[in-house]
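After this come two complexes, each holding chain A, first together with chain B and then together with chain C.
Take a look at the complex of A and B:
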């Protein structure tokens, strides 16, 4: 076990002792104990940067289930390292923030930190695993811990609803992904991602390729809240704000992005991948930014904003995949798209994390997150205001923040689609930059709404629960650090280019990226179309923001009933109602109905088998001759059985049953079975006596004799059963396959067992075990009857219980 | 003879199933009684009804009837007797406790669903 394995497992180990620390040191906020670990891990991963940026890859293996090809294989390359740094870095800041956000007296802190550590370990496992099954295991761990964190305030109904919704959607995607992983294993014979990448050109021609791709993408899209699976993310905002900042902006929702980036070399040679990832990404981008403007809750806006930014990264990854798909083209423009995706991934984690923390501060200090109640906080909370300014302007894509750079690169990537001549349809590729541009306008608008509606305008103290003031310094440090990063990456983007971005891009693109490719992000790149687009975004965005109250009713055009949320709610309700109705329909509670199902199944399955297999044969070659006495008995038994159905009195039917039993024993006499005849006579006598006992004790009021009413369905079913039994008996008898083994018994009964009665010798000697257990059956029946008659435990109500004692 | 027996067994099964689909417990038990008679006769018939002596070696016959199905039926008779008597006492207790023999009324009410 290497240090890297310990690094992944350490959060799980710490999670075990957190409750003990919480119980033993009640004075200290438990978060301080937790904080140490992500900091250590962050330093550990930082120290890997020089090695990774030289192009080397760290690879460690721990045997787990080698016979199934499942090993805990850990790999660190540029992409994994980037994610690991995000997870541990933002993880440390979020833990620090949560120490000041969550009260140590009112909250169940041990639960919170256990869940958070589980999540952190799981997320590290996802990004560092090379084995797909191990990756899937950690993937479901993130779903699980996210479920626990969203439902942290479990006494709130909305929290439980949001937790359930995110669980259902992400687990649905996770299971689809498992299907895709299994298909990949079927195709490539390995769970290792590196080995799968090695045989990418063979996999693409495999018939299962497309299904595997779609299933894996389903997993990635649900996790990363892509259209139309984005609906869980806004409801996940019921979680505590540190959780939203960590899981639902910086880390977990990027797991799907990670998966797409990681598996791009496997799938991207197919054009379908390019169009699916790029298209869905763009759709998510525009839908998310369009819906964000509508929200009035700050976290709601941020949730939709996260959705749209994830769509942006996803669409860039899709376009970047073109580099792998069309080797003949001028590759560099598509490589640029991948680099833009990686760069925006970092940028989004920084500014979105800080914005969530800002919203948490506003919520914490004013008691509300509703932008209709907020306003004029600028002078009261100057530090928060500054951080929000940096975050929102970066999100809107304004210079000098990092969002501006990645937005320019995004436009470059989208414009490069224009030179992609895939279906000879220039109009289709034209959609990419146009949609991207419109979405950016909306992004600008909602960023301005977050900023100006919260911090400028008039303060409305009467609508606020408490008097707003600046947050404690501990709560401000994490967003300050993130905001500083936003500015640093904005002014000096090239400190990232060779350390993180190029290794990550080369992990995504593999050999396509030339070794001497220099990543250079320039702040000023001349009067390019991208710059014009940005100017257009700003101008139109300002107009939209100014006229916002006037065009806001546009959103009411779409009825709430047609939204994806109500589609989800309704389908969930319909499924529950439907399954209840189905169960109610056939689980009637009447024994007769269940018997009808059983008999119908018997008739249909055996009838169809007889018919299809041509098994129905009747041969008379092997039959015994018909004799007079047996015919008489057969007529008696048949008439007896039929007459039971018609007699009115139950007493008569009992007596007829007895007569049928005696006739059976007469059959035994005729067919040379003396032991059977004896037993049958005795047993029939006792059973009839028992029947009479039962009859005698029939309750008086139900004793009115009724003839069995004729029911056609019952008759048809019973006739069907009888016919099937007859047909099977005839067919079975007509096809004798092997001789009976009875000759052995006839020969050996005397010589081996010393008896002359063959039946008895078989019963007690050759097959004595049967007899032993048949005795046991009788014993159990006798004990059971005794217990039934004697034990009176379940009487309800004291009166009756005493009577029977 | 086997063909005739197969038809008789079919009739026994038909009547048994019809009785089992009725409402009264007593008729259901009568139905199971008929069903076991049918099954026992079926085993005997399928073993072959060829002529031969009673399976006792003292007969010194050239051929005997097959002893194996007889042993099987004997076991089956005893077991079905045990089950039937248990079932009957169960029905008797149900009459005593619940005061009905109507299967539809024994279904239970909405509150304990």
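Take a look at the complex of A and C:
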């Protein structure tokens, strides 16, 4: 077990101790104990940068279930390291922020930090695992801990609703992903991602390839809130703001991105991957940015903005996959898309994290997040204002922030789609840059809405719960650090290029990225089409923002009923209703109906089998001659059985049933079975007596004479059962495959068992075990009757039957 | 109104013994002729039921002061322990042994552990039928 394993498991271990720390040190905010761990981990991962940027890969294995090929394999390459740094870095900031955000007197902090640490460990496990099953395990851990965190304020209806929704959607995707993983194992014979990548050429021609890809993508899309699975993310905003900042902007929603990036070398050779990842990404991008403008809740805007930015990264990953189609090309333009994806991933984590924290501060200090109530906070909260300015302008893609750079690179990537000449879809590829551009316009608009509606305009103190003032310094430090990073990465992007971006991109692209490929992000790159597009975005965005109140009614064109949320709600309701109705339809509670099902199944299954196997044979070759007495007895027994159906009185039926039983014992006599005849006689007598007893105790109104009513279905079913049984008996008798073993008993009964009554010898000697359990059955029956009669408790309990009367 | 069952009672006094003797005969002849523990047990309980009809439950209890539920347990124990003989002899469960012995009065007789097993069946059957009939008869 290496240090790396301990690093992944340490959050889980700390999570065990947290409740103890919480109980024993009530005066210290529990968050301070937690803060140490992500900081340590961050430093630990930072120190791996030089090694990784040299191109080496750290690999550690811990045996877990070697017989199934499931081992805790940990691998650190550029991509994993980038994510690990995001998780631990933003994790530390979020913990610091939450110390000031959550009150130590009012909140159940031990719950919060246990969930948060579980999540952190799970996320580290996802990004560092090489084994797909281990990855899946941590993946579900993130779903679980995210569920717990969203429902942290479980007394609120909306929190529970959001938690359930995100749980259902992400677990649905997670299970599909498991299916994809299993298919990958079936194809490649290994769970290890590295080994699967090595077999990518073979896998692509496998018939299961497409299904595996779709299932894995389903997992990635649901987790990363891609269209149309994005609906859980806005509802997850009911979580405490540090959780939103951590999970729903920087880490968990990027797990899907990670998965797509990680498995790109396996799947990207296929064109479907490119179009699916790129297309869904673009769709999510435009839909998210379009819907974000509509929101009035700050966190709602940020949620849709996250959706849209995730779509952006996803589409870049899709386009970047094109690089694998032209591995020989010099100056491969599609590599730029992958690099843009990685760069924007970092940028988004920084500015979105800081924006969430800003919104948390605004919420904390004013008591509302509704932009219709907010305004004019600029002079009251100058630091928050500055951070928000940096964050929103970076999100909008304005210089000199890092968002500008990644947006330019995004446009470059989208424009490169134009030169794709595969799949004969040139006309469609035009859509990529166009959609990207429109989406960016909306992105600009909602960024401006967040910023200006919150901080400029007139203060409306009467609408606010509290008197707004600047947040405590501890709450400001984390967003300040993130905002500083936004500026630093904006002004000096190349400090990232060789340390993080290039190793990550090479992990995504595999061998396609040339070793001497220079990642150089320049701030100014001449009058390129990308720059023109950005200028267009800004101009049109300003116009849209200014005229926003006028074109807002556009959103009312789509009625609420057609939204995906109502689709989700309705389908959930319909599923519940439907299953209830189906269950109610056949679970009627009448034993009569259940018997009909049982008999129908009997008739149909056996009838079909008889027909299908062509088993229906009737042969009369080994039939004994029919004697006179047998015919007489058969007529008597048949008359008895039929007349039971037509007699009026129950008493008569009991007596006729007794006569049928005695006739059966006569049959036993006739067929030379004295033991059976004796037993049958006595047992029939007893059971008739018991029937009479039952009749005697019937309530008066059931003792009246009444004919059995005729029902066609019952008649058909009983007829069918009779016919099927007869046919099976005839066929079974006609096809005797083996000799009977009774010869053995006839020969050996006297010599080996010392008896002459073969029936009895079989009962007590050869097959005594059966007899032993039969007498046990009798004993249980007797004790059961005794218990039912003697131990009659009323519903209240403890009362005797006599008092019940 | 008290009925006078003198004929039935007198007849029962004779017939009950005949039935019991017949049931014992059925039980012992099981290995060679028709019969065995099951029918024998049923017959014995038939005799007891006859006494119960002619007289009453108390008479039966006075004749045979047994708790019939215990009889079920005794019967099951007899059967199972018969099976265990084989285990102690190093053979599989429920292995039976028999042999021919010269007994003082009966002369050459075959003795068979299966008869012990059948005795268990006999006890269980008597216990079961009597428990059922008694509990139903006593219930109100």
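Remarks
The working rule: the second predicted complex is superposed on the first by the 787 of 805 C-alpha atoms of A that agree within 3 Å, B and C clash if a C-alpha of one lies under 4 Å from a C-alpha of the other, contacts with A are read in each partner's own complex, and residues count from 1 in each chain.
What we mean here is this: contacts are C-beta pairs under 8 Å (C-beta built on N, C-alpha and C of every residue); 3 or more make two chains touch, one makes a residue touch a chain.
Just so we're clear, the structure is a prediction, and the values are computed from it rather than from any experiment.
Contact comparison for chain A: of chain B and chain C, B touches the greater number of residues.
Legend: residue contacts after superposition of the two complexes on their common chain; A:765 is shown touching chain C, with no touch to chain B. When the shared chain is aligned, no partner comes close enough to touch A:557: not chain B, not chain C.
In the superposition on chain A, contact is made by A:754 with chain C only, not with chain B.
By the document's definition of touching, of the two partners only chain B reaches A:595; chain C does not. When the two complexes are overlaid on their common chain A, residue A:742 makes contact with chain B while staying clear of chain C.
When the two complexes are overlaid on their common chain A, residue A:791 makes contact with neither chain B nor chain C.
Contact with chain B, but none with chain C, is seen for A:664 once the two complexes are overlaid on the shared chain.
By the touch criterion defined above, A:3 lies against neither chain B nor chain C after alignment on the C-alpha atoms of chain A. Within chain A, the residues touching chain B in one complex and chain C in the other are 674-675, 679, 683, 686, 690, 693, 756-757, 759, 763, 771, 778, 781-782, 785, 789.
Residue ranges of chain A in contact with chain C, taken from their complex: 674-675, 678-679, 682-683, 686, 690, 693, 753-757, 759-761, 763-765, 768-769, 771-772, 775-776, 778-779, 781-783, 785-786, 789-790, 802.
Listing the residues of chain C that touch chain A in their complex gives 26, 29-39, 42-43, 46, 69, 72-73, 75-76, 79-80, 83, 93-94, 96, 98, 110, 112, 114, 117-118, 120-121, 124-125, 127-129, 131-132, 135-136, 138-140. Taken together, the chain B residues at the contact with chain A in this complex read 1-24, 26-27, 29-30, 33-34, 37-38, 40-42, 44-58, 64-68, 70-71, 73-75, 77-79, 81-86, 88-93, 95-96, 99-104, 107-108, 113. Those residues of chain A that touch chain B in the complex are listed here as 589-592, 595-596, 599, 618, 620, 622-627, 630-631, 634, 637-638, 641-642, 644-645, 650, 653-654, 657, 660-661, 664, 667-668, 671-676, 679-680, 683, 686-687, 690-691, 693-695, 697-699, 701-702, 708, 711, 714-715, 717-719, 721-723, 725-726, 729-730, 732-733, 740-742, 745-746, 749-750, 756-759, 762-763, 767, 770-771, 774, 777-778, 780-782, 784-785, 788-789.
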